[in-house]
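Across the two complexes that follow, chain A remains constant while its partner is chain B and subsequently chain C.
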Partner chain A sequence: MLSDAEMEHLKMLARLELSETETESLKGDLNRLLAYFDLLSELDTDGVDELARPVDVDSVFRDDVVQAGLEPHTVQALAVETEGGFFKVPRTVDSGE
Partner chain B sequence: MREALARAEAAEGLGAFITLVPEALEKARTLDVRRAAGETLGPLAGVPVAVKDNLCTAGVLTTAGSKSLTGFVPPYSATVVERLEAAGAIVIGKTNLDEFGMGSSNENSAFGPARNPHNPDFVPGGSSGGSAAAVAAGITPLALGTDTGGSVRQPASFTGVLGFKPTYGALSRYGVIAFASSLEQVGVLARSTRDLELALSVMFGHDPHDATSLASPPDLTGAHGDLTGVRVGKVRELCGDGNSEGVLGALARTEATLKALGATVGEVSLPHAPYGTAAYYLVAPAEASSNLARFDGMVYSYRSGEDRLGQAEVMRRSRGESFGPEVRRRILTGTYALSAGYYDAYYGKALKVRRLIAGDMARAFTSYDLLLTPTAPTAAYRLSEKGDPLAVYMGDVDTVLANLAGVPAVSVPAGTAEEGLPCGMQFMAPALQDARLLRVAGALEAAAGKSFAPVAADFL
Partner chain C sequence: MSEFEPVIGLEVHLALSTKSKMFCGCPAETFGSAPNTHTCPVCLGLPGSLPTINRAAFDKALMFALALGCSVPERTQFHRKNYFYPDAPKNYQISQYDHPVGEHGFIELGGRRVGVTRCHVEEDAGRSQHPLYAPYSLVDLNRAGAPLLEMVTEPDLRTPEEAREFLNKVRAIARALGVSDANPEEGKLRADVNVSVRRPGAPFGTKVEVKNLNSFRSVQRALEFEIKRQSRILADSGSVRQDTLGWDEGGQKTYLMRTKEGEADYRYFPDPDLPPVRIDAAWLERLRADTPELPDAKEARYVGLGVRADTAALLAYDTELSSFFDRTLKTSGGNAQAVANWLGGDVTGYLNANGLTLETSKLTPEHLARLVDLVERGTISGKVAKELLPDVIGGASPEALVRVRGLEQVTDASALGSVVDAVLAENPKLVDEAKANPKAVNALLGRVIKSTGGKAKPELVRELIVQKLG
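Then we have the complex of A and B:
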């Protein structure tokens, strides 16, 4: 069972802000899902390799040739905020104000 | 084209489309002029298609059914869309879906639910619910969807049309707004096998923009012909009392038709099939939690909160406000499954079970050419009927296997089940044997004596 502290940790890892009601309801859902996933512990999987993707992909490198890409102004038009040709993001360093 | 757009507008109450593309009319006129001038046009020239709204379309709003992509107009199109257009197809609209493809009823869309054309009180299935509704209602003969755990096949089953998920890697995922990259494939919904084949054949082929795209696509030359001697294995674990009476009746009818067409039908066991849903609902959310990390309100996507709050707080608020309940649930589940101390017990365990399931299927395919199961254990249910997320997940028991193993699968209409609503049967084939699925779908379609007709919907 997920404790309240674990739930808070999980919200932090997932960068999700949730109201108290939402947190409580999701915690309930998660606990029921985790109980369901216990079904898998019935299976002995010792010595079984993980299958992360269904087809093997060998080398995906291409030759280092310059290709056309999107123009900077096209890409910046999709941004939340730009200024003088730069992306503008919320401040990252707390200046202690 | 005019008619397709008019039908789409008239059927607004279906909620099949998030955005319509009125410019489609102009494109159709241009094609008419080129045809009149004696130009040879592509095999899909002038065919109206509907495209699920998690596929990028240059210059056309693309939402993925989420508030987090508000106002996103992609500067490029998904490779599959580009190839359909190059063959002459014209996109008339972007279809409704569960947010980011996460759901099985189309009720998790930020733009409201889509409805089942057979009865608007019922869900059309999901997550490609809008695409299925558009094809079933006769708005377009073809639609693109995406199928991560059954999101093309299950809505096809619920609305009485064909739904095809190719071998993993057969269709490019470039321009698909990613949900679970090792599981998802673009898929096609149609009312005739011929249309399915045509669409697949113009979209197949390696795409250098997608590292998982196969070097050589499945060969479709065996897509026609009768079923004499074709060995069909009915999956024991999925053909029993977990299904509704109506679905079991449809299964029995399909089995009888297959035999009448010269196929042999035997029973085969996939011992790990009952664990597929649990494995899938760990792997898919784990990949989703990683893929959706990019929607953080920093450079792109929905941003909430003022600059002075700082980056971390703005990120948390933006994500908390813009993701719907199911997306949050999956992000948290996936984050948990991947977190330190739990990886081996959850994500790692699920990947091992995935290997066991793929092994079961490989063994079954040594004795059978095709595997048969219902596409879903029930026909469509009423909107708001299933409040419990786990109950919804359980409905994916038949379809998740093909995604876990990367094999192709199709849902073929199999008449009606409960309350006069349609249901479909699923066939799975070994990787790259997509042609076998077209062959069985074509044979069943011919046996039914007609194409799978659009609903004579009275909402139009």
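Then we have the complex of A and C:
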């Protein structure tokens, strides 16, 4: 079961601002997810290798060749807001520097 | 403050010098480009896009790891390092975690080994700007996805000067291998430092990390500042907090960036979009065969050729100088020290004073070799050679210059004899002084050489003067 402190830590990592009601509701959902993992943990997986990727291939490379990317105007159109070609985002540093 | 000993470790990021980015075909070199003009669905992290590994970037990272004596695993893989920041468009960085390309290497510094904990491949983040007094930040994702090699050292460094020397060495190795330009001014080599202080022999103290160090000088200054700050705290029986600090170049002081996150907060997990990489013996053999000579080996070879130790080091640690030196030696009469003196001294001095480099100037190894040979054979004096140097650096052939300007050294004793006679006759006072004191011969010698326009061979002139003074 998630503690209140763990919930606050998760909210910080996910950069989420939630009301008390929303937090409680999400905590309930997450605890149900964790309970499902508890159920999966009942399976005996001794001697079964970890499966990080579903397809068994390795060492797939591309050659070091420059290819055309997206046109700058296409990229600009994807952004919520731009300024002089930059993507404009909420300020990420505190100081006025 | 001297009762405390600093303990320093470095994290060095090298921009790998490939044509395209780590996981997509956008150009890797975007320095100076307009913002957001070199991006694609992969490096923008658009839904449905898939990364593919740049073979050249992987080769370069492996070659670097091998050159540092790292052990390389048979199987390596990429992980996702999760964090939210606008310069990381996917909300994770593709990096390596449990099986990096290299572990447990070292770099020799001042006769001892500085441990290299690990080398791993990862992608770079974009760049942010924070306009003055504006409530927003600006993001450019041109650099996002560019290939990086991160090298982490053991806490084996003990002084700020040593940290700076270490970085010089890393840069020399990276440039010699051709894996990175390693130029801090263009952000191709970025270092974060970890520093703590302790009483000698005591366990390690609490360390802080200092980021945003964009020159070797900043690294040294930031370390000096932190060592003083931490020593003062400990001397007052206080305790150092484990923080991430930034370096304020203008104020020459560190400032608090954030309280350090724990590693668990990054929630590393294997990237399911990227298959693991198997590294077999044949691949490593090929890389070893392709590995050029490293600076330490070059230095030893130059010393073996008779070059003085300090000159040998100067040349060996500069890729352009050493490559030019080697090419000059191939075509010269063979006095390595003479070539080294010219290259490390007058040539470098002239280039620096005129804002040139070996690459941008028209100096060729053949012309430098001819110039040195002309002096060595006694055809021209060292003084004349120095006067010719600007033209030779400008692309002129030294032999042609000597022919056209009639600069061959006068080595004919009878021709010189009359010049010596004339100078002696014009300077009776100097003659008396020279008779009394052998050192005063130099004044007469200078006058003779001057009146031949610098073309007289000094040794011969001296001989003649001494002879005529009886």
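Basically, the second predicted complex is superposed on the first by the 95 of 97 C-alpha atoms of A that agree within 3 Å, B and C clash if a C-alpha of one lies under 4 Å from a C-alpha of the other, contacts with A are read in each partner's own complex, and residues count from 1 in each chain.
Criterion: a contact is a pair of C-beta atoms (placed from the backbone, for glycine too) under 8 Å apart; a residue touches a chain by one contact, two chains touch by 3 or more.
Quick caveat, the model's predicted, so the values are computed rather than measured.
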Touched partner set for A:D64, first chain B, second chain C, both or neither: second
Which of chain B and chain C A:P54 touches, first, second, both or neither: both
First, second, both or neither for A:A5, with chain B first and chain C second: neither
Chain B versus chain C, judged by how many residues of chain A each one touches: B
Which superposed partner A:T45 touches (first chain B, second chain C, both, neither): first
Partner chain(s) touched by A:V75 [first = chain B, second = chain C, both, neither]: both
Which of chain B and chain C A:F87 touches, first, second, both or neither: both
Set intersection of chain A contacts, chain C complex versus chain B complex: 13-15, 52-55, 57, 60, 62, 70, 75, 78, 87, 89-92, 97
Footprint of chain B on chain A - complex, ascending: 2, 10-11, 13-18, 22, 26, 29-30, 32-34, 36-37, 39-43, 45, 48-55, 57, 60, 62, 70, 74-75, 78-81, 87, 89-92, 94, 97
Contacting residues of chain A [partner chain C, same complex]: 13-15, 52-55, 57-70, 72, 75-76, 78, 83-93, 95-97
Touch list for chain B against partner chain A, complex: 72-73, 75-76, 168-169, 182, 208, 211-212, 214, 272, 275, 278-279, 281-282, 289, 293, 296-301, 303, 305-317, 319-321, 323, 325, 328-329, 331-333, 335-336, 339, 346, 348-356, 358, 389-390, 404-407, 431
Partner chain A, residues of chain C touching it in the complex: 18-20, 24-27, 34-41, 43-44, 46, 52-58, 75, 77, 83-86, 128-130, 132-141, 255, 265, 267, 269-270, 272, 275-278
